[in-house]
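Below are two complexes that have chain A in common, paired first with chain B and then with chain C.
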Partner chain A sequence: MSAPMHDCLIRMVEDEHPLEDYQSGVPRWCSGCGDNAVLAAVQRLCRDENLRPEKLAFVSGIGCASRFPHYMRTYGFHGIHGRALPIAEGVKMARPDLHVFVNTGDGDCCSIGAAHWLHAIRYNMNMTVVLHDNHVYGLTKMQVSPTSPKGLRSNTTPHGSYLDALNPLTVTLGVTNVSFVAQAVDWIPEVVHAVIQAAFHHKGFSFVRIIQRCPEFLPKMWEPWLHDPQKTLLLEHQDGIGYSAGLQKIYKNRQAHDPADIHKAREIASCIDPIPVGILYRDDSVPCYEDIREAGKPRPIEMVRSGLEAELDKFTVWPDAADAGAPTP
Partner chain B sequence: MSETLTSVREDETAPEPPLPRDSIGKTVVTTLDECVVEIVSDSGEGAQRCGQSLGAIAARMGNGVWTVEIIPAEIQPPARSIAGASGNRIRLGAKRIANGGDGVDVVVAFNEQVLLGRVRSGELKPGCTIFLESKWRTHGDPRIAAAYRETYEELVELGYLVIEVPFEALCKPIVPDPRRGKNMFVLGLLCSLFSFDLKLAREQVRLTFRKKSDTVVRSNLALLEAGAAWAEGNLDVKYRIPASRAKEPQIVVNGNTSIALGVLASGMEICAMYPITPATSASHYLSEVFERVGGIVHQAEDEIAACTFAIGASYAGKCAVTITSGPGYSLKQEAIGLAVMCEIPLVVVNVQRGGPSTGQPTKGEQGDLLTTIYGSHGDAPKVVMAASTIEDCFYSVITARKIAEAFNMVVVVLSDSNLATSQQPFPRPKFDEAWLAPPIDQSPVPFGTKPYDWNPDTGLIRRIVPGQPNGMHTITGLAHDRDGRVAYDPVINQESIRARSLKLASLQKTLKPPPVFGDPEGDLLIVGWGSTRGAIEEAVTRARDEGLKASSTHLHFLQPLQPGIKEIMQRFKQVLCVEQNWCDRPDDMMIDENNRRYSALAMMLRSRFLVDIDCWGEVMGQPIKPGTIHDLIRARLA
Partner chain C sequence: MDADVKTQLAFHVLGRSPAGAKPAGSVGRLRPALLAAFRDLATLRHDFPLVLVRDAEPADAVQTLTSLINAALQKVAPRGTAGERMRRQVLRVEREIRRRASGGGMLSAAWDEAAAALAVDGEIGFAESAALAKAALAVDGELLDCSAATPLRLVRHVWRLVQEQKLAALADRVEGLILKLADILMADHARSEAGRAPDALAASIGSGFAGLFDFGAMSELLGSVAAGPVSKRRRQRIEQALAVLEAQPLLTALRARDRAAEDEALAALVVEDCTAALAAWRAQRPSLVALIRAIAIAELEIEGRYSEEEHDPFFAAFSEASLRASDLALGPDLLVCVEDAGALRRAEVIELLSAGAPVKVLVLTSDLLGDPAAEPGGPTLAGTRLATMATGLDDAYVLQASAAMLGRCGGRIARGLAYAGPALFSVYTGAASADVLPPYLQAAAATQSRVFPSFTYDPSAGPGLAARWDVADNPRPDTDWSVHPFRCEDAAHKRIEVDLAFSPADLIAGDPRHAGLFALVESAHWNDAMVPVDAWLAGPQPIGAVPYVAVVDDQNRLYRAVASEPVIAAARRCREAWHRLQELGDIHNSWAERRSQAERIAREDAAREAAELAAEESGEAASASAVPTPVAKAPATTPAKPAPVPEPPAAPSGEAYIETPRCTSCNACLQVNARLFVYDGNKQALIGDLSAGTFRQLVEAAESCPVGIIHPGEPRNPSESDLDDLRRRSKVFAG
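What follows is the complex of A and B.
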């Protein structure tokens, strides 16, 4: 008993990580960008959970939000447009011991990477996926995105966009093996932190959509919601997230919702006014693909040698075959 | 011919096939140096299985063998169609065989239409012996019967020796569905024809059907015996190809299986792929066996996901592999550029097929060389190797993994559909622990170590893997500095491009010059790469036997190029690249020196060495034949 206790004491001193241990560089996002709120929440989560920085891998695609890994003092992989999810899946399959986070924007996830998004839900690999949804292409300067409201005047839709917005929540909730869906808005940091924390603790593909303001290109889009607390719906349940007394005083529009109820979750997800925040859906029983595939199983050299030899035997013609008869099948 | 044959023949005017018999009516055994056999059928009649089994038995007998699949584009092409031929070509020889040869000596056809397809494309040698399923002669549909008779007449007129055999009728007493059983009957027939040991044939049948029930094995063995017995009783001729039995154990696999075995042996643990012809069979086999050695085959949702999944796995652990063919390779190009930029080791296998676009999925071509070397936007240096034999497929993957991890580079292994489906015995590999990757480094990184601390002389970096304490950094496809941070400085961008380029030169310094086949100097040097090797070297041998001063060299590395190539070329009066990709014909009216498009390797060698290299290429979907190259040499030298 004493030895492990001793180890614990040493480790506590060594492994106590302050917030700065997760911070790297000064973010180059615009002031007022929702990405800053997510970064603060994630860094706080890492500190609160006392995660070892070398065990964290943040994977992203391309876009404003995909700069995220650069601002974490952890391992990070800033990949190519739309492909954050398959890269993250490869990381997780090779190294199930790592905590994998994915930061992806609405263009990255819901447009160019949409196929990967659907399949990633189905694989249900244990990772925390944050959809930074600001409803517009920012890095390429104001083009319509799949989640843009209909009629948005952008550089590619100067007369207003033509189609209704895609709803990332209903899409996610419609895919086989969906296991965790939550939503938050960047202007309520407490909820951003709470849903990301819940996502981190869920074993499986935890999908968190953060509704974000783009101060540069869509500064006014969420004004009515900011000014009217009734336009935000807090989802409450013992299996959901809690809300502080201060928050409850402001946001009185609350609804009990059991995250186990997928039908109700889909109904709530369809609603954009008021915006539901909190945990919409959680199912801890969905198996993770990396577990099904037994990722990270020890692989001694002897196992490789004997496996290869057995396979080679199957195809071998021994020199005395014609005389001795049977080769070893 | 036998009574059995004449008795099922209705058309009394059909000529008796003049098989040789000696004066007292005993079977004549003819000794051959080599023989090319084809079995062609509609899809699903088991011709491929029959051909592969025959090849394996021949290898067991100690014969040289090369088998080639004849594959239609569709799974179930229309029955009895000229373009629907499915089957196998087996070239048997007394010595080592390295290609499918020229014309066919013996063909077994389950209907006359698929046979016509082979005749029309000039695959049959004059006087070729044909065993033809005769049931069509009396078919209920008068059009089919008429087509059969008409073709029969045509074949006889063309001088082929046509032996009609009621295969299905002969199999009917043994199996309920003779359409699917006759392939093993034919195997028995051919084993008898080539004087193969039936004991080995039985073993091979048991191996072929190892996953099936005892009943299936038993009935296939019965079919084998019946076929052999039929041949003994009805054929007056037998062939014997002397065996030159290898002294060491050999394995008999096709190129794709060889690649998969190479993946096993290389110590790679993750293969991410998406189904595509003709690469997929490598992943099929790997899927069957990889888990037994702790490996994982991940069938991704698309080609891009397969490549990025492999990149993610490589980044976080050991080098991973993705296996694909042309269209899939095109889709992966952007991701390959990411791995180049981030210096993540990655092995990509491209089993080339006919292109562009969907092209000829089941047919071979060497059309992807330039896109492999120069593909992905910007300057994206990567290593490109080409396997030239079935054995090479195995070792190339092992070498590729080692280079990928030693240089933190993308290594592409080029194969093609010719190698993918061909079988050739090669010495059984002896497992070597050095093939495997070392365990993932999880030791703390010394403070101050930079993830992209490019060595100024070699361009090499020290790879830091997630999980290593103190090594935390973010990698990015953006231009980056030594810390991996986004580079806004134009100087660091140039430095990093220099470093990544330098790695190719560093690798090149470790390579040996390619060997020359034939004399080291002479009148004509043929330069090739990939699956054309067997045909080129056979053609060179034939030309040399005629006294022509021709030699050849075959390049294993295409990027970087091996040293000494210019010196080799300078010792010959003419240099000719022979490739299975397109080059403009100088005698085309529109073509002149200002607009002629050269074949891929010729273009590369001309630009690098400023040597006037000519080229010849063919894109017929079939492997280039040794006879074709031999004619080419003669046209230039004789």
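What follows is the complex of A and C.
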């Protein structure tokens, strides 16, 4: 079967986008912030996949990472705290043709937005969700977040935090309809890029946790992992991501893991030292909510208008309800 | 030679009934012995009646009553003896429905009638069983018994579902395009001077809060930020595309959910003549070209990707020749239903299929053997080659099946009807001889005898024949004939069981028009020279042998019918055609058999040579002296050492460098000096202009780099201040 004419005609005017086409303004993140690594990896992905800027939508909530849409020359929506995911779901329902990315922090996603997070996993809408996990509230000058390590002294916990950290990977892997979970650390850019690329190609809710440094408030936290490659565990499999020879030379701690094995994925996700990186879980068979609900189906303006009128009529006071045929309470 | 044998041999060779031989037509209607048990089809659990399900996926739109009742019983009848009574009662309902199936109607209604008719017996639990099973039926639909009209009704039912599904998708697509194109024009209007006028702004707010706004001020404000209007040419293009998209009657009916208009439009697509179909296709092509052109323009405009420089010349030259198969498949398909009425009609069908139209053709064959009064010389087998001829067109989907097999072909019929190119459905109805055998039995006999075997050729299944051909739906596809046990009694009422093959001769023997091709032999005159037709065809027979088929008369008396030469010739032709089909279906593939034989011979030769060499060597070794002879070693099997992974080119000794692939793009070094450090195409740092910075900046950048990938090297300027301190600090980052 030949390619549809529309595709051929689009290809006639196909243009390539260098990385700069996706860059908007100079990031205001602190020098050394891991958000920069994610931004570079996402921009590389856009360039490599030759994604049209007008077909991209980046949605965020509140936090350092949530400034992300400002630095992409694409559609963006800087939402309110914890609500990045429902906004992104709305964007996807209305415009299923857009590639939707969500940039959310550990506070935004795992604290105030936790309920949305769980249900977004269950809805399994086709979007790439990057959890920028720097383990602290940075924008508001250092308070504990759900993923802060126990004992962390902060403005809200001057005697040290009292609870063990929440593990975003095990939470995600425990929710119905989970379809993609991966992890990377911001100081290995090759893995960040490969993981985000795999997440982009997965059809469904792709959850990527990036463990990030916060050079301002937790500058020493990840020093041991930075200086000891043995403390990072590369997950290997033919259905996972590949690693360059140079990277394998440095990171010799590797483990075979089939991303189809959810039980093993949960076991690996529970491990915090060494840090596992790569694809933990992938299931391409989980249906996407926008497909089930036939998002993007044309709705003529008359249909929308009559639907709205019908709803509004419920609250209309009619002078003579019986004659006007208005619903009686 | 025995007198009986002589008589039978003379008949086989000459085709004449010598004196004393019983003509086949002399004992009433004959039928093949293997069909003797099927006098009453209502008692036989077979595929008919079918149920045409209305609201279903096309592939599931044809179900057999038997399968539906099986599924219902699986759901509601307990396993084992507990559910035995219910199963028996429900199977009685099924039998009663089958008895009444020729009347058609909905399954649910037929069920109620059958249950009511049987309930008069007052059997305990019957009403409950029938009601429970009915509630468990997965679907409802129209009952369809096997008759001359069956193939057309079935194919038309599936065709309609396929068209509805396909056209609904197209209607949705077109509706979306119309809305989006209208949006472009509306947005342009909103940006225009008229759209920004105070009155227009006031109208857009509505009456509720209009008093709160100063629309004059708003108009002025919007005027200062208005973007450029849509160009005149673009507006014209969009309006033209909109006009074409909105002027599609069938799509408009679908969009408006106007069932009557939809029925009318779809009915117009069903044609009963090949020439008329070709003319209709040619007549509808220009409007299809216009529609596809409008869709392409609309999609480009909506995407904002229409380039006048690139696309204008393309669309100016756009014609029927520009259409691809996937484009042609967008529109509705014509359904052509014709009777197989001779060679000319078959030529018309082939011409229609090769015209490049995505037309779906149903050819109904009602007589395979021909009328000897019109065409003497034996069975013609007319209509059995049309489908195989059509496979030679390569791009046509072809399905051949008798009406008896249609219940199992629902999925394949749906696939053929949804196929993007032309499709042929060649169906033998079995209805011409309905006064002898019911159409179902006649059609099933045509499949069993290999006269009209089932097969599918699906060009969309893959590039190779292995993917495209499917002959698996025939009985015993791996053998020449299907063989079945046959039980009877001899004159002494002794039970006899033999295996009988069902060959084309059996089918011909059941046709009274061809009775003259057989001579009946009663059991008293049977002899060892008589050979079943399948054995006769399998290989040379002794001189004097005669071929026969087993037949029964209306009283189920068994005879052997000696087949004359024209019968054998027809059976042989069918077998050859069946062999060719088998090969295409990768059964007894002569190419593969030849290849495997050649490989086997090569293997045997190699083994023999190896054995001879070994024998020679052992002989030489035995005769040689004790002086050891150097033996040539086999090439080393250990793999060569892998090529060393090339190291990245090292920087000249003492010069600063960065391990760029490990850079996290954190900006730390660029904030020290954005000329000394620059980003590459992947936004990862490397040394830019060494002369643009100092050794101090190199060291400070290395210290600020979170992943420690900056190596300052040696200072270039020996007169730089604090060099001793900087050298000490840089040692940490030495490669």
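Everything below uses one rule, namely that the second predicted complex is superposed on the first by the 284 of 329 C-alpha atoms of A that agree within 3 Å, B and C clash if a C-alpha of one lies under 4 Å from a C-alpha of the other, contacts with A are read in each partner's own complex, and residues count from 1 in each chain.
The criterion applied here is as follows: a residue touches a chain if its C-beta (ideal position, glycine included) is under 8 Å from a C-beta of that chain, and two chains touch if they have at least 3 such contacts.
On a predicted model such as this, the values are computed, not experimentally measured, just so you know.
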Output check: A:226 vs chain B and chain C. Expected answer is one of first, second, both, neither. What do you get? second
Quick check for you: in the superposed arrangement, does A:153 touch first (chain B), second (chain C), both or neither? neither
Contact-wise, after the overlay, does A:316 reach chain B, chain C, both or neither (first, second, both, neither)? first
Per the contact definition in the header, classify A:201: touching chain B only (first), chain C only (second), both, or neither. neither
Who wins on chain A residues touched, chain B or chain C? B
Between chain B (first) and chain C (second), which does A:297 come into contact with in this model arrangement: first, second, both, or neither? both
Going by the contact rule set out at the top, does A:141 touch chain B (first), chain C (second), both, or neither? neither
Contacts for A:93 in the overlay, against chain B (first) and chain C (second): which applies, first, second, both or neither? first
Report for A:72: first if it touches chain B alone, second if chain C alone, otherwise both or neither. first
Touched partner set for A:115, first chain B, second chain C, both or neither: first
Intersection of chain A interface sets (partners chain B, chain C): 54, 297-299, 301
Taking the complex as given, what residues does chain C use to touch chain A? 172, 175-176, 179, 292, 295-296, 299-300, 303-305, 307, 310-311, 314, 322, 324-327, 420, 460, 645, 648, 661-668, 671, 681-684, 704, 706-708
Report the residues of chain A in contact with chain C in the complex, numbered from low to high. 1-6, 9-10, 12-13, 18-19, 27, 29, 31-34, 36-37, 39-40, 43-44, 54, 186-190, 213, 215, 226, 244-246, 249, 296-301
Chain B residues touching chain A - in the complex, by the definition given at the top: 56, 59-62, 197, 199-200, 203, 206-207, 210, 243, 245-253, 257, 261, 264-265, 267, 269-270, 272, 289, 291-296, 298, 300-302, 304-306, 308-318, 320, 334-335, 338, 342, 425, 428-429, 431, 433, 436, 466-478, 485-486
Residues of chain A touching chain B in the complex: 24-25, 52-55, 57-59, 62, 69-70, 72-80, 83, 85-95, 97-98, 115-116, 118-119, 293-295, 297-299, 301, 303-305, 307-312, 314-319, 321-322, 325-327, 329
